[in-house]
């Protein structure tokens, strides 16, 4: 159908008639759009007017001044300095960081779980395939909130009480003298940076760089001289330098062990990965993992049998077929839904408060909202935050999609 | 005005908590009961003459204020602490205090803790969205000791965490602690620490700007308190209201003398209805949270001023 | 549609150039294959000599594709012997590898790798299977791409090429592995008429160079012109085989007659 | 591919029956069209008289489809005049509607509506556009379905028909709107060879009845037999037009010659 | 010809080989085990490992399940009876009605939601199974009215008036359809509204006719609430989703932008924030004095949420249709509304059904989030009244397990159906 044209020169010499507003393809669209715009503006005006009169009636106003006031509450887990005297804004930032942290960790593990389960679900091993199907179906068909609650409870009962580790005659000892898994979270040594730390760090980076270089070199020799070198030296190159450096520069990186003597309630010192974080992280990972497993499976199945056959007919071995032909193609199918699963995971992390994790919904949209009563402001900011995240993620997705899009005629 | 709305509607919309045994919770057959619920019923009885004409609207810490501000509920009777900012900044009107509370700590007995000062380094479960969180932060800051807060949404989950040992102590209003402990398998294994770290005057509240309605709620509460003081109970209120007695104060209260009811726009027997709905303050207390109930709260601060408590109803004249 | 005209217009292919040796390239003996309970290939006996150009035809579902896929071990046969260039096909991976690197295959739907450029498609197997250095593999690939007349498309992606071009790339890709035998499974049936010719031309050229070819096709013009044997299959069996002239002019079996009348007649 | 044989086998079409009147059916004057910055159609001038059968041919991408889609207002042209049966194409919806109800169109891929039965396909437009009562529309549809020789398929769904049958249904569907002009865009090119004939036959019949037809096709047999004018397009322009005999035997332009050699030659 | 091998040429088969049975090589259990469980050493290890995990899980869960108690009246009594081994499933028996219907639905009326639930299956079937005669779609059309009457009670006149309104609207629409789509749509809406308006009085007059005990929305609870929210919101979101999808495909930039903004906004925020809006701020945006039900506000928000997702699914369906369908419709002279209604949407919707079902499943699961805004759906019942009660305080696994099972059965059923449908559509796309 025709639309408004730019080149039009001679079609319309006759004058304008009102009926053309509906009958003429050039004006029809404008008419409809105008009506739609008016309706939208009216709707917003109506909502706005209601808001104003309601606020006026209740003697309230919209202001973000409360963000500067001291929050007054403590947050158990924060990645930046925070005390109850910090402002509501800072509390919100703590929440943002916590959301991002759990979302990031969740995405990483969910991917690992999902890819493993998805691949295993296609395996020829009947039992494994069935188990993986059971896992996928169980998690996909039960609400995430119930899973978060159940997994929160599981984590709570499966850890020991930290008191069991405390005192002179403790009932349990730290695992390797360093780790304790309790119902309050995982106690682990904290890293303390000593004088030689930089060197160890450099060695670590060198190891990584070396490993990458080895992979490149393997490929290069294959391409240049047709010799295929083994892959295992990569691990040697990766691990040797940092380990050597660590032992050569004793005390470069110290570990501060969890202390079981300091206090009658809790293990002190070290780092504590809190139970709420663990529970939420776990719940989101396995839940989203089930969805990712389906995506992975669909992605692999989407590569047509013809591709595998063609590769096999060329003499490629099954593993090479997987790496060179199937995976690169499957990834194009897998990645877009994978990214929207990441988005879902991030959005689902807003249920954090169900296990007591202080994410943005719990701080800004929960405690701050309660304490200040600034519902409109808080929820507006909350939505804005999630909106920004999701726009950012879908931006990344669009970029990815356009870079990997198969070239077509 | 709210009064007209309520009368026209024929029911009172009363905001309560989503479930705190003893204060407001649906029982096994689905009826709401509890200390706060009784106040709602009393107001309904006073206004509509029917204590069952109440629609209970469960609210969370988050939603209670909006529900009230937007007119979804006519009054909020949900152990809400009367604070300066709520009264002024949020634009509400507190209509008195039906329970004088304070925040306390519940700890397992075998922990050997006897004072809140001993809780340095402890993990503390706290229900989010209440003043408790703020008091807790203030208390530890003031005493310069550290703690780990575990924010929890519902009382039931807090209890689960506490019992599973995920936190060393559970803090909320002392009344709530008692109510919670009452549901434990072995309540004796847990102690409520002596420190009360805050003042928590709990009371009903209504929207700013409708003083007539506010007065009705305020004076219904006062009527219940006064009734206890004057010995009017649900058992004898009918008798006493049938004819004017010797106490002019009681007569005015029960409408056999004067026109107090008219002054607040209600029938003259408004207080009679309110009292017969669930009894006077003492009866309500005893029935829902008193020492003979599983909650087992002593009157303490909530005794009549004549008994050394803080309850002091202004005169009915 | 009749395509005899198509080829007739061309300068005659010089058949004398295409020599057939006495060495056996493929030997199939009493081969049987089942899909589940379905007996697809029944008692197949077939010997292909080096340099032969064999066209296989037959109604749909008669097992033509399955037969040539068995030769390449893309399908497993359950009974009988398949020997390619002296190597007997068994479940031994090494032997399968050996056979696959000697047998090239072109599919109906080309099956180019859409994520790789034309050049990469052609060099992938030489590099990873033959371990040819990349440079060499690329030169080689360009050689064969030139041969199929699309050297200038080397850096495009398959999706950017027409069907005929894609099929020619597929042929070049197989040739890069220097196969001794080429299998074609209806290489032109997914193509538009204009493109059929360019692919057939490429195949004719290949035949002229003496490549041993087994080709499932319904292009009877091609069969007449290039094949030295036409095999007719029906219901999993080889029903008739003969030189093309004889096959087309004097089909012996009734089924063959019926089939030929259908395919040439309309 | 050459299909002269196909039609040659038929009894000769009686051309004398097909009369061309003096009335103008379609008038295109100095028409230009751009896709973005790409100039697809350049200064097209074409007058079609009632009863004419015009075949348009030309290399792929030369703008044949675009030209006939412009006539039907499926594409908008940016310059020049298109007049169908006296109605000038403008952006006025009423006029577009009028023209579309007078012009029938058949596509390469039939574009039948797969969720409707054959009969429903045919009655849809008469009922909703022409507001014909359903009963009448169905009788009408059966009439045309009989004409294209598939009345017995009326209650099947398009997916259950062969390609040739589908294309004939598509023709019948257009006819149900009693168009004055029929446009065909490569009606046979998506069909298997066996089915081309049945569709061409239908079209020939239509031509014999005096329908004005514009047909993009590469079926040169059809062009020779039916068309009274053949138009050759290249790069968005009409390069040559002539009577079929002349056009095929004495092409004037070099491009035409080249094209004809390609299309008839292989 | 010299270049052929005489001996190999000119072969004609005389006797044809019949179908033979496959060689009886290795069939049976041993072969199955070897192929499916122990085909290689890593696989064998994996098999053993998963057997071990399976054993661990079963040995933990089975005694708990089998040794459970179903009759005790409180957790204390139950704990004594099971002695630590089994689960306290007694909570399910005792609170069964509350879990399913919430705590304030009148207990004498439980048959109503149960019946509505059963009818749901009967009446949705015509939509779900394309093979059923299309006449049975009438059942589906009637269902909302019947279900409304059953669940909310009141006089039957109300739903009948509703139905009459729809019927009147349809008649008016059909009668004027020749005047153009927009006009006839308007006529339909006007007719429906008139009937509803007049019917309102009638319904008030006849409020006693065939009246069921009226039940307030806020008394809906338990799993019933999840079902209500799920079905109502999905059905409502379909038309909105279609409009949004069409809007998003539109060539009119402003309409397109409006639709994209709406869709992307809704999809960008978690449902829980929308529920907060329903619960906490929506009231500020409505005219002073309108207090509408929380459940209604929640339905509005969830419907908005679902429409955005359904719009995306339908957009996929629209995009999957070949352009030829649009062009064929255009060239036959159908206008936009006709082309959409008669040609495009029927096909696009059919393609989209599996996607829509997926959205529906997701949405149904998400209805549990209403528990966070103090509504007593099944999770809300558990987290609120049941766990808070003195009797059952501390029974987590049994309750959450039960809720999980409820959802699993429903959602798994639906998703199996959608897979079945997907396969069916894949094979018989005619």
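For reference, chains read A, B, C, D and E in written order, and residue numbers begin at 1 within each chain.
Just so we're on the same page, contacts are C-beta pairs under 8 Å (C-beta built on N, C-alpha and C of every residue); 3 or more make two chains touch, one makes a residue touch a chain.
Keep in mind it's a predicted model, so treat the numbers as computed, not measured.
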item	value
Those chains which touch subunit E and also touch subunit B	A
Grouping of chains that still touch (sans subunit B)	one piece
Most widely separated chain from subunit D, with each centre as the mean of CA atoms	B
Nearest-to-centre chain - CA centroid comparison	E
Subunit A and subunit B: spacing of chain centres that average the CA atoms, whole Å	43
Where subunit A and subunit E are represented by their mean Cα positions, the distance between them in whole Å	27
Whole-Å gap between the CA centroids of subunit B and subunit D	85
Subunit C and subunit D, separation of their C-alpha mean positions in angstrom	39
Of all residues in subunit C, the ones touching two or more other chains	none
Residue numbers of subunit B (touch at least two other chains)	62, 66, 69-70, 153, 160
Residue numbers of subunit E (touch at least two other chains)	276, 280-281, 283-284, 288, 330, 372, 383, 396
Contact set on subunit B toward subunit E in their complex	18-21, 25-30, 55, 57-60, 62-63, 66-67, 69-72, 153-157, 159-160, 163, 182-185, 294
Subunit A residues within the subunit C interface of the complex	222-228, 304, 306-307, 309-317, 320, 324-325, 328-329, 332, 406-409
Residue ranges of subunit E touching subunit C (in the complex, touch as defined)	1-5, 8-13, 16-17, 19-23, 25
List of subunit A residues in touch with subunit B within their complex	54, 57-60, 72-76, 83-85, 153, 156-157, 161, 163, 183-184, 262-266, 268, 275-276, 353-354, 356, 358, 362, 366-367, 369-371, 373, 375
In the complex, subunit E residues that touch subunit D	178, 322, 324-325, 327-335, 338, 342-343, 346-347, 350, 428-430
